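Both complexes below contain subunit A, partnered by subunit B and then by subunit C.
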Partner chain A sequence: MASENILVIGGGPTGMEAARGIADLGYKAILVEKRDRLGGTPDEAQYAALTPDLRNAEEAIGEMVAAVTDNPNVELLTGTTVTSSEGEVGNFKVKAVQNGSEIEIEAGAVIVATGFQHFDPGRETQKYGYYEHDDVVTLVDAEKLLKSGNFVRPSTGEKPKSVAFIQCVGSRDRQIGNEYCSKVCCGMSSKQAIEIRQHVPDCKVYIFYIDMRMYGYWENEIYWPAQEKYKVNYIKGMATEIIKKGDGLLVKGEDTTLRRPMEIPMDMVILAVGMEPSEGTKVVADIFGLPKNKYNFIETIGGPLNTVSTEKAGIFAAGACTGPADLEDSVSSAGAAAMKAISAIRKIGVPA
Partner chain B sequence: MIHLPVLKAADRKFQANPDNAPTEDIREELFQLEKEGELEVIRVPEPYMEVKTKFGRIKKIPVEKTWHHKSCGQCGHIPGYSTSIFWLNRAFGLDYYDPTDQTSCTAWNYYASATSNPEAQAAVAVRNFAAAHEVGYFPLIHCGTSFGHYKEVRHALVHQPELRRKVRKVMEKLGKKLVLPEEVVHYSEWVLAMKDRIAERQVVDMSNITATVHPACHYHKLIEEDAIYDSEIYGAQRTAIITGTLQALGVNVGDYSTWFDCCGFGFRHILVSRDFSRSFSVQRKIEVMMEEVNPDIVVTHDTGCVTTLDQSQFAGKAHDKKVGLPVISDSQLAAMAMGAHPYKVLQMHWHNTDNTKFMQKLGMDTDKLWAEFELETDKIKRGEKEFLTWEDAEK
Partner chain C sequence: MGLDLSINKYADVSYDEKERLFEEAKSDDRWHHVLYGCYECGICVAACPSARFYDFSPRVIAQAVAREDVDLVYTLMNDSVWDCSQCFSCDRCPRQNSPGQIITVLREVAVRNGLQTAKDALEGYGRIIYKIMSTGSQVSPDMLQPDAFPDWGGHVKEISDNLDVWRKALPPETLHTTETGWVVDDKTIIELYLIWHMTGVMDLIEGIDEGLFMILVDVMEERLEEAGYDDITFD
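Then we have the complex of A and B:
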C-alpha cells in the first residue's frame, strides 16, 4: 500500500519550509536532519542577520523551527543520517541511522534539501592566506564576529581600522572549476560591510569585486545604502595575494578602473567564499541515484519552469542542493517541492 | 587571552580531500588508454614511496631503478647539482642509470616562444621515456623545466587522439613505442621522499643554519595538482618540496613575503631581457630574503632557479645592492649533510656567489677541503688522469 508520508531530508530553511508546507496541506512530513538540531547552515554557521533585510537570523530561523516543532503533522528525526533507499514513488523504503540505531522510514515521496557548504579557501586561493593569517577570515567567520557583537581583529582583539572584502573566492573561477556565480556573496558582503560600519564607525571598508551582482531589490536595499549612507568603498579589481606586513596585512592586486597595480595595507580581510554542494548533498544524491551536474549539485530536469523535479519519479530536490541559491530561492523552491511531492502521491491515490 | 567565535590561523586545519579535486586523475585515463591499446604505461618500479599531492591524492616515488634525465643548464653551469643526486644514490647503494643517449627536452625555447610545435615537443618527451623503458628503468627528471613540460605533454597526449597518432608515427620511425610514465617524478620529490633515510645518515649538524626556500614555478604552478603537499608543512597551503627536506635535516626555514614569485629566470626574460631577470632576481628575491630573514643560504630545486638566483648577484653587487647570499640545490645540501665532499662532489666552486662562509659556519675547513680537491685536479693537469672518479671523490 502506498505511503502517505513525505520524507524531507535536511533540516535547514528549505527542509523546514517544505515540511511546514506539507503539514499545512494536511499531509504528514517526516523531517530528517543529521545534526541534533534544526536550523541548517544559518544556525550551524551562526549567521547574525539575514540578507537583504538584516533581520536577526536567530529570530527568523527560530520561527521556522517553531513551525515544525510540536507540529502534529511533522515527525522530527534529528541526529539521523539516511543510509540507503529502495522502492519507487508511493513506496520508498529508506533506511537511516538514528543515534547509532538503524531505522526504516516508509514514504510515498521524498524531498532532498541537503543544501550547500561554503568554499574552503585552503583547497585553492591559498594566496589569500586564510590558513596563514589570523586576520584573514571568511564571510562565515565575519558573520560569527558580527553576531557576537564584538567585531574585532582575531590577532589582537582590537577593532579594525580598515577591512577589505574580496569577492568571488571559489566562484566564477575556471581555474578552480567553479565557473558559476554563487549569487549571495555580493549581497552578503555588502550587508556585512554595512554592519561593520554600524559596529565600528571609524573603520574604512572596501569591497574588491569583478562586478557586483545585486539581484532584484538588493540594488536599492543594500548596494546603494552601503555606498551612500555607510560610505563603503567599492573597488573594481581583484586581489591576487595577501601577505603579512608589520602588524597588519598587505593586499596586492589590480585596480582595473585606474588601470594600475595596487598594494593596500589592511587590518582585516574577509573572503567572500562561494557555495559548493554539501557532503550530505553528494552522499544523498548517490543513495537515491540522482544525477549530479559537473559541480556535484543535484540536477533537476524541468528547466526554469520546474526547478524541483529530478530524474526519479517521486523524488524532488529543493534549495541549495540544486545549485547556488539565496534564501528567497530556497524557501520558494521548498514550497514548489512540497506541492509537487503531494501531487505525486495524490496521483497514485493517497488521500490527505 | 581573547575569546572569539573565530579560530586563529594556527588552529584552522585544512584537510585535502581527493574527492573534491577540481581536476581529473590523469593516471586513471592513462590506464584506460592502455587498455584500449593506445599507449603503454611505464609502471613505477617497486619498492616505491608514497607521498600526497595537492588535493590529497597519492603519488608513487620510486626508490631505485631510476633513469636520470639530466638538465642542460645543470650540466653546463652547476655540475655538482647532478653529481650530488648520483652521490646520494650511490651512498644508499641504489640501482640507477645515467644515460648517455638522453636528448634535451627543448622546453626552454618552447616556453620562450622561440621554437617547436606540439608534435615535436611530445615526440621528444616520448622518445626519452621510451629510452628509459627500453633499459628497464623509470625516468627521474632532474630539471624543473623538463618536469613541468613533460607533465603538460602527458596531459596533451592523453587528451588529444590526433597528437597521439602523430607522435606514434614519429616513434614508429624511431623503432620505439608510445610510452608514458605512470608518474612524472622530479628528483627533488625523490629527495623529499628519502628525507628520513637521509637524516638517519646525517653527519653534518645543520641546526645553526637558516635557509630560505624558493620553489620552482614549473614545479608547483604547472599541473599544480601533481606537486607534493603535506598537512604538516605550511598547513598544506604551499608545496612541501624542499622545506620538508630541510626540516628533516634540522635546518631552520625562514619565511619571506615573495616566496611565490619567480626567481627571475622567466624563460623569455633570461634569453631576451636578461637585465630584467637580474634586477628581478636581486630586488624581488635576494634583497627581500636578506631584509626579512637574513638567511645563511637559499635552497631551491631547479637549474634555472639556482643559476638565476646565484649568478644574478654580481649585477646587484655592482650596484651596491644588498647581496651575497649563496644558493644551492636541495640535493647538494642533502649530500653535504651526509658528508659528500663540497668540492669533489658538490662542486661548490662552480657557484658564483661566495659560499665559503656558509660552509665554515657548518664547521668545514674550506681551505683544507680545497687543497684536497686541488690534489686530485693536479693529477689531471699532469696528465695522470682525464677526470675525477667516484673513488677520488671518496678519498
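Then we have the complex of A and C:
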C-alpha cells in the first residue's frame, strides 16, 4: 500500500518551507529534526539579522516555525535521528530514533534538507590563529556578539576601534579541498560591517577580499551602502597571517590595487568562514544511498534546470545540503522539492 | 610602476593637518556628487589620456578618497592631482564617480591652503592667468612668438611679423585685436573684476603667487577707479 506522506529530514529554513508547502497543498509532511527544536542553523548559531534585508532573524525564523507548528498536515518529530531506510518511491520504510526509542516512518517520498556547517578555521591554510587569539573570531561568533547588542572585543570587553574581515576562509582553496565559493560570506560580512558601523560609529571597518561576490540586488542593497554610506573599506588582497602585537593584532597582507604590502594593526579580526556539508548531510546521504560530490554535498542530477532531484527516484534534496546556498536559494529549492515530491506520489497513483 | 610613496617631494605635516585638508574637500558641495564608492576596476585609467604618459592613475585618486586614506590623499594632493588634464574622460565610471572632478576639488583645497606644491605646479601658468584675469580673454595672438613656440615651426615667425594684417583679415571685427583673444568690452571686464573680487578668487591668487597678485591689483584698481568703483580695494 503506497503512502502519500512525505518525509522531510531537517528542521531548518529549507525543511520547514518544504513541509509548509506540502501541507498547503493538502498532503501530509512528517518533519524530522535531530535537535529538540526547529529553526536549523540560524537558530542554533543565534543569527542576529538575516542577509540581505537585516530582518530580525529570531522573528523571521519564528514565523517559519509557527507555520509548521500545530499544523494539522505537519507531523513534527523533533529530537529524532534517521537511522536506516528501505523501499522505493511510493513506499519508503524509514527507521529513526526518537529520544532513545526506535520508530518507523512510512513515506511515499523523501526530502533531504540537512544543510551545512560552518567551516572550522582551525583547518585554514593561512596563519590566522583562530584558536590562539581571543580577538580573532568567525562570522558566527560576530553574529552572536551583534545579537547580544554589545559588540566588544572578546579580550577586553571594550568596543573595538578597528575591525577587519577576511573573506574566503575555507572556501576557494585547493589546498583545503573546498574549491567552491560559499556564496553567502561576502554578503554576510558586508551586512555585519554595516551593523558594526551602526553599533560602533568610530570603529574603522575593513574587508579584505579576493572578489566581492554580491549577486543581484545584494549589490545595491548591501555592497554599495556598506561602501558609500557606512564607509567600509574594501581592500582587494588576502591576509596571510595574523600576529599578536601589544594588546592588538597585526594583519599582514597585500593591498593589491595600490601595489603595496600591508601590515595593519587591528583590534579584532572576523574570519568569513564558508560552508561545508553538515555531519547530518553526510550521514543521511549514506543512509539513503545518495551519491555525494567530491566536497561531500549531496549530488543532484538535473543540472541548472532541476535543482532538487537525486539519483534515487522519490528522494529529493534541497537547500545547503546540495551545496552552498543562501536563504533565497534554500526556500526556493524547498518549494521545488515539495512540488516534485508530490508529483512523484501522484504519478504512482496514475494507472499505466 | 606602482605608487612610489617613499620619496616625499613636499613638506610632511601632522596627521591632523592632513585630516583637516581632507575634511575641507569632503565639505565641498560637489563632493557627494562626484564620489560614491570605488570598485577599483580601472575603467577611468583605461580612458585617461594622462595615464598613458605619466605615472598617474585616476583610479588611485578615487580609491584613496573612497577609502578615506588620509595619508594617501595628502600625498596625491601634493603630486598626482597636478598630472590630470581635466578632460573628464574618466566620467564613464559605473559607480558614477568623477575622478576628474574629485581632482578639481582637491586642487582647490591645495590652492586655498597655499600648498607649496600647488604654487610650484601653477608657476608656469602665471602668464596665462595674468592674461585672462587682466584682459578677460585667454591666450592672445601676441603671445605667439617664434622664441616662445619654437616647436611650432617656421611659419610662426611669418605670422607674428604680420600679426596685425592677419587679424584684420578675420571677418568678425571683435577679432581685430592682437593683445587679447578678442575685444572684451569695458562693462564685461569691470564685471569680471568685481566677480573675482567678491568671490575670493583674488585671495586665492594672493595665496598662490603674491607677485602676480600685485600686478593684477594695479591693473584692476586703476580700471575700476576709472569706472567709478573707487572704493574697491584688494587688500
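In this text, the second predicted complex is superposed on the first by the 347 of 352 C-alpha atoms of A that agree within 3 Å, B and C clash if a C-alpha of one lies under 4 Å from a C-alpha of the other, contacts with A are read in each partner's own complex, and residues count from 1 in each chain.
Here is the rule we use: a contact is a pair of C-beta atoms (placed from the backbone, for glycine too) under 8 Å apart; a residue touches a chain by one contact, two chains touch by 3 or more.
None of these values were measured; they are calculated from a predicted model.
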item	value
Contacts of A:228 with subunit B and subunit C, given as first, second, both or neither	second
Dominant contact partner of subunit A by residue count, subunit C or subunit B	B
Partner chain(s) touched by A:260 [first = subunit B, second = subunit C, both, neither]	second
Which superposed partner A:292 touches (first subunit B, second subunit C, both, neither)	neither
Which superposed partner A:199 touches (first subunit B, second subunit C, both, neither)	neither
Partner chain(s) touched by A:35 [first = subunit B, second = subunit C, both, neither]	neither
First, second, both or neither for A:134, with subunit B first and subunit C second	first
Subunit A residues touching subunit C - in the complex, by the definition given at the top	224, 227-228, 231, 233-236, 257-260
Complex contact set, residues of subunit A against subunit B	46, 120, 122-124, 126-127, 129-134, 136-137, 141, 144-145, 147-148, 150, 152, 154-157, 176-178, 241, 243-245, 250, 276, 282
Sites on subunit B touched by subunit A in the complex	2, 4-9, 12, 14, 16, 19-20, 22-23, 55, 234-238, 257, 260
List of subunit C residues in touch with subunit A within their complex	2-3, 5, 36-38, 40, 59-60, 63, 66-68, 72, 95
